[in-house]
Amino acid sequence: MNVVNDLRKTIKKLLAEKKIDLFVGWEKGSLPMAATPIFITNEDEADRIVFDITCGNNLSVYFTKDKKQFADKKVGIAVKGCDARSVVLNILEKQIDRANVVMVGVPCHGVLDKKKVLAKTDGREVLELIDGGDTVTLKGNGYELSSDRSEILSSSCLSCIYPDAQEYDIFVGEPRGEVPNENRLKEIKEFEAMSTSEKWASTRAEYEKCIRCYACRNVCPSCYCNVCFVDQNDPAWIGNTCDFTDSMVFHIIRNLHVAGRCVECGACERACPMDINLLLLNRKVAMEVKDRFGDVAGLDINGKPAMVDFREDEKQDFIMG
Amino acid sequence: MSEWQPKILAILCNWCSYAGADLAGVSRMQYPPNIRVVRVPCSGRVDPLFIMKSLQSGFDGVLVSGCHPGDCHYISGNYVARRKFAVLKPLLEFIGIEPNRVQFSWISAGEGERFATVVTKITEDVRKLGPSTRLVKKL
Amino acid sequence: MANPYIPLQMKVQRIETEDPDRTLRTYDLTFLNESEKEAFRYLPGQFCEISILGKGESPFGIASSPTEPDYLRFTVNRTGSVTNDIHYLRNGDIVGMRGPLGNWYPVEDMKGMNVLIVGGGFAFTTLRSLLIYLLDSRDDYMDITVIYGARNPDLFIYKDEIATWKQRDDIQFHVTIDKLVDGWTEKTGFVPTVTQEVAPSPDNTMAIVCGPPIMIKYTLPVLTELGFPDERIYTSLERRMKCGIGKCGRCNIGSKYICIDGPVFSMAELKKIPETV
Amino acid sequence: MNMVRLDKQKLNDFIRELSAEYSVYAPGKTNGKTEFIPVESSDEIDFNSHVTDMFPKGIFFPPAEVLFEYDEDGVREAQTSHRPIAVWGMRSCDARSLVMLDRVFGSAIQMPDNKNFQDPYWKEKYDNSLIFGIACNEPLSTCFCNWLGGGPHNRDGMDVFVVDAGDVYLMEPLSDKGIEIINSSSCLTNATGKDEALAVKLASDAESMMTAPLDTGGLGEKLTAIYDEPIWSEISAKCVNCGACTFSCPTCHCFDVQDEGKGKKGKRVRIWDSCMFPIFTMEASGHNPRALSSERVRQRIMHKYSYYPENYGENLCTGCGRCVMVCPVNLDIREVLKRIIAYKEQVI
């Protein structure tokens, strides 16, 4: 609760001192499992700000969406570790001017994944959720249960090593520091251990669910092309029907487009109405980028996104002998 | 019906690999007739989308070839391309596309023989895999 | 009931390039099947969806008049992927056609009235249809005035016909270009301004306006100023369209669909719609 | 006709009877999501599903539907040999949505030249269908059907109304087709007065569980009045313009038409589209009448609560709450409606 109070105070101060025109944060949503983005321009509204397990949205998406509603404004933004990396990435890519953004870091202990919560409650509707830190209490019609926080966290949080903003102007609360996470790559390694056919069967089962609503693309702060390659019609690269190969190619190419730019915030996976485990591929790509090029997206504000950079002596084991 | 023959798309850079293919031709080197060549200015021009699109439209294999590192006509095009391929190839393998379907090589203008070897190798690799099915779009 | 999504097949009979840049081409299409030709009845202002199989379809206003039964005429500006492919058509090629779709200019109501036709650029297609239709029963109508503007002299379509119309003494035909160029002897200026100059009388007159959105936007107030009541100003609108039969839901302005409630709307109808034209 | 009872033990037999003539669809689980799937026995039915996660409309208006195929010989209607469709377990909101869609696809739009356009693909499936609705005894917190003229025990769009009454289903046929199927079934017995009383009680219990309805009367006029006001950019500020809401909506029906072909062979397919996407209205010239996010959000709201009611006299929304559940930024349509109704028009 202290974090939330400090955050509110910080926002009020920033607004009062005219350091920012607007603050982007989260407020309590209309559903117990979802906080919702809020844009604050006057101090009174700051009391609506919350920060807890439900604050999953990566707010830096609002810097880059087509409306560019923050253009020419000084914007304060609440950032978790991953959100901060998104902001940094957007700064590196000249989408945001560092001077126009005030990053307020918040200590993140992970955000929830709705589908994991619903698995806990056997699909029963959750009417109230109390974030008690290590345990989270879920209440609904005729039941109340508590869950270990780790059991309902988004897969992105379970593999997270940078829960704090690495780049910030103000940090509210205690930074958690880097989290050594030995099991971080477990899921990927397990997947890699399968045979090619098994991998394909598994991929196919996941991606066949895609209905092409593009929620994954639209909530992604790294996806901000004016015209997305799937929307181009001359040439039309990809069919728009729910043909599986079209959907698969869309997701492969989207993954490559965010290679070295994906901060693994998991917004895409949480936004997916079909519960596709989108992040697995993103994380695999991020792993390759880290292994091969030593780069982690959005970590270094003086860096360069991996895919526009190169070194001459890179490993090229994949080139035919 | 005649025996199935692999159909392979070869995307070659203009300055090295395409010239290498030319050399292989004028030197009358033998290599399998299974490739269809698309010439691009530089391997850096190759959007991974081209590769996916080829697989989707029924090619059994894709070969992308450019200048050796350091020899790019545009100084650094193939370095940037290398990063793309370095990510694309493991990703395709990860999702379960057979590793040998999509291959990359560096072939210089003087390496006619190498061109013949590379084409022979990918043709045999793809022949072993059989017809591509996984990403092929059926109409 | 016939399936409204299935295009009829038509043959390209004649192709004419309208401008030096070759972005505007006129196509005359003929029916492959005599019974389809017999069943095809339309009036000026209606449109068809022309299909290039494998590429898609796009809506085009019919430029021929029902009084020219031998062919259907369309003028196509090369802008997108379908129109691009249409420009690759050769004589004898087959295209798909669905139509006629939409409503038409109020040709019945115009009988016994003066008619003012205001057009701009390559939107003159359905206006050509209307003009030919009126001229083919000339006695049913009173004075006919046409104001037709284009950016430059090259961008008029149906140039030969314009020349013959201008020579007729039973219509007043004004052409105008945006900016004066050497050798131009006709009017110069934007269509709304020229309309103001020509100042056609609103008495017992029906005004039909069709052109680019910006022209329509500035011409309608001029007509109002000249004294035309909203019920006697008609315009033809356009939106991105897919099905053409009121199902796919994208060509709406307000609660109206351009494809079934339009494309022809009276100014009175448009005023009730919140979305601006 | 009076109510009849179906012992839950006999549901499987009943489904089998239906299967003789119909392809039977019911809520089931695929990949962890509930949706309407073809079933052959009651074992496949997911009885816990409330509003299914996905697309009841998909049965009659599939996400991708072939309009025709073509090759060297010309154009042919796609081969469709559908058996008539029976749906078991459709919630009141979803059954109502079909009535709404039928006005667009099924009813003849009379053109001035006496042509009328009906959608043959929709009609073939919907006109021959048999809908078994199921009453909601426990509405969810996201449900707001009672705001929009519906209710948990609403019967619109159903051939047979079904109430889950513990060990039995109470069924009330509402259409001729419904009466026929009830009469021809051997699984049913007559309901008692007690049964009927129970059905009434369940209905009133369910209704009392709903949130207090918002008065949506005059909403259409209000929307028209505030069309040009700045409220729309406030409402749409957090929208990221994905299509999750429209794709999960049982009443959204906008579609795109795409050709898919190779060489001389191919097909024309219609696919679901969403007014949330900028390319929805993007014209070839580059002009886009709804280029801004706020304009697109306004279109969605206007279409549902102003344009459609203007044309057909009823809101194009059943209050099923799916868009509320799937929205990645929690842009709750109920909040939007409340805000619009509470909004004071600014005189411009």
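We just call them A, B, C and D in the order they show up, numbering each chain from 1.
Methods note: a contact is a pair of C-beta atoms (placed from the backbone, for glycine too) under 8 Å apart; a residue touches a chain by one contact, two chains touch by 3 or more.
All values derive from a computational prediction rather than experimental measurement.
The interface with the greater number of C-beta contacts, when A-B is set against A-C, is A-B. Distance between subunit A and subunit B, defined via averaged C-alpha coordinates, is recorded as 35 Å.
Inter-chain centre distance (subunit A to subunit C, centres taken as mean C-alpha positions): 50 Å.
Averaged Cα coordinates give subunit A a centre that lies 32 Å from the centre of subunit D. Once the centre of each chain is set as its mean CA position, subunit B and subunit D turn out to be 48 Å apart.
Residue positions 80-81 of subunit C each touch two or more of the other chains.
Of all residues in subunit D, those touching 2 or more other chains are 256, 258, 260-262, 266, listed in ascending order. The complete set of chain-chain contacts reads A-B, A-C, A-D, B-D, C-D. Across the complex, subunit B is touched by residues 260-262, 265-267 of subunit D. Looking at the complex, you find that subunit A touches subunit B at residues 191-192, 196-204, 229, 237, 239, 243, 245-246, 248-249, 252-253, 255-256, 259-260, 281, 284-285, 288-289, 292-293, 306-312, 314-316, 318-320. Considering their complex, residues 48-49, 52-53, 56, 69-70, 76, 79-80, 82-99, 103-106, 118, 121-122, 134-137 of subunit B touch subunit A. Residues 233-234, 236 of subunit A touch subunit C in their complex.
Those residues of subunit C that touch subunit A in the complex are listed here as 80-81, 84.
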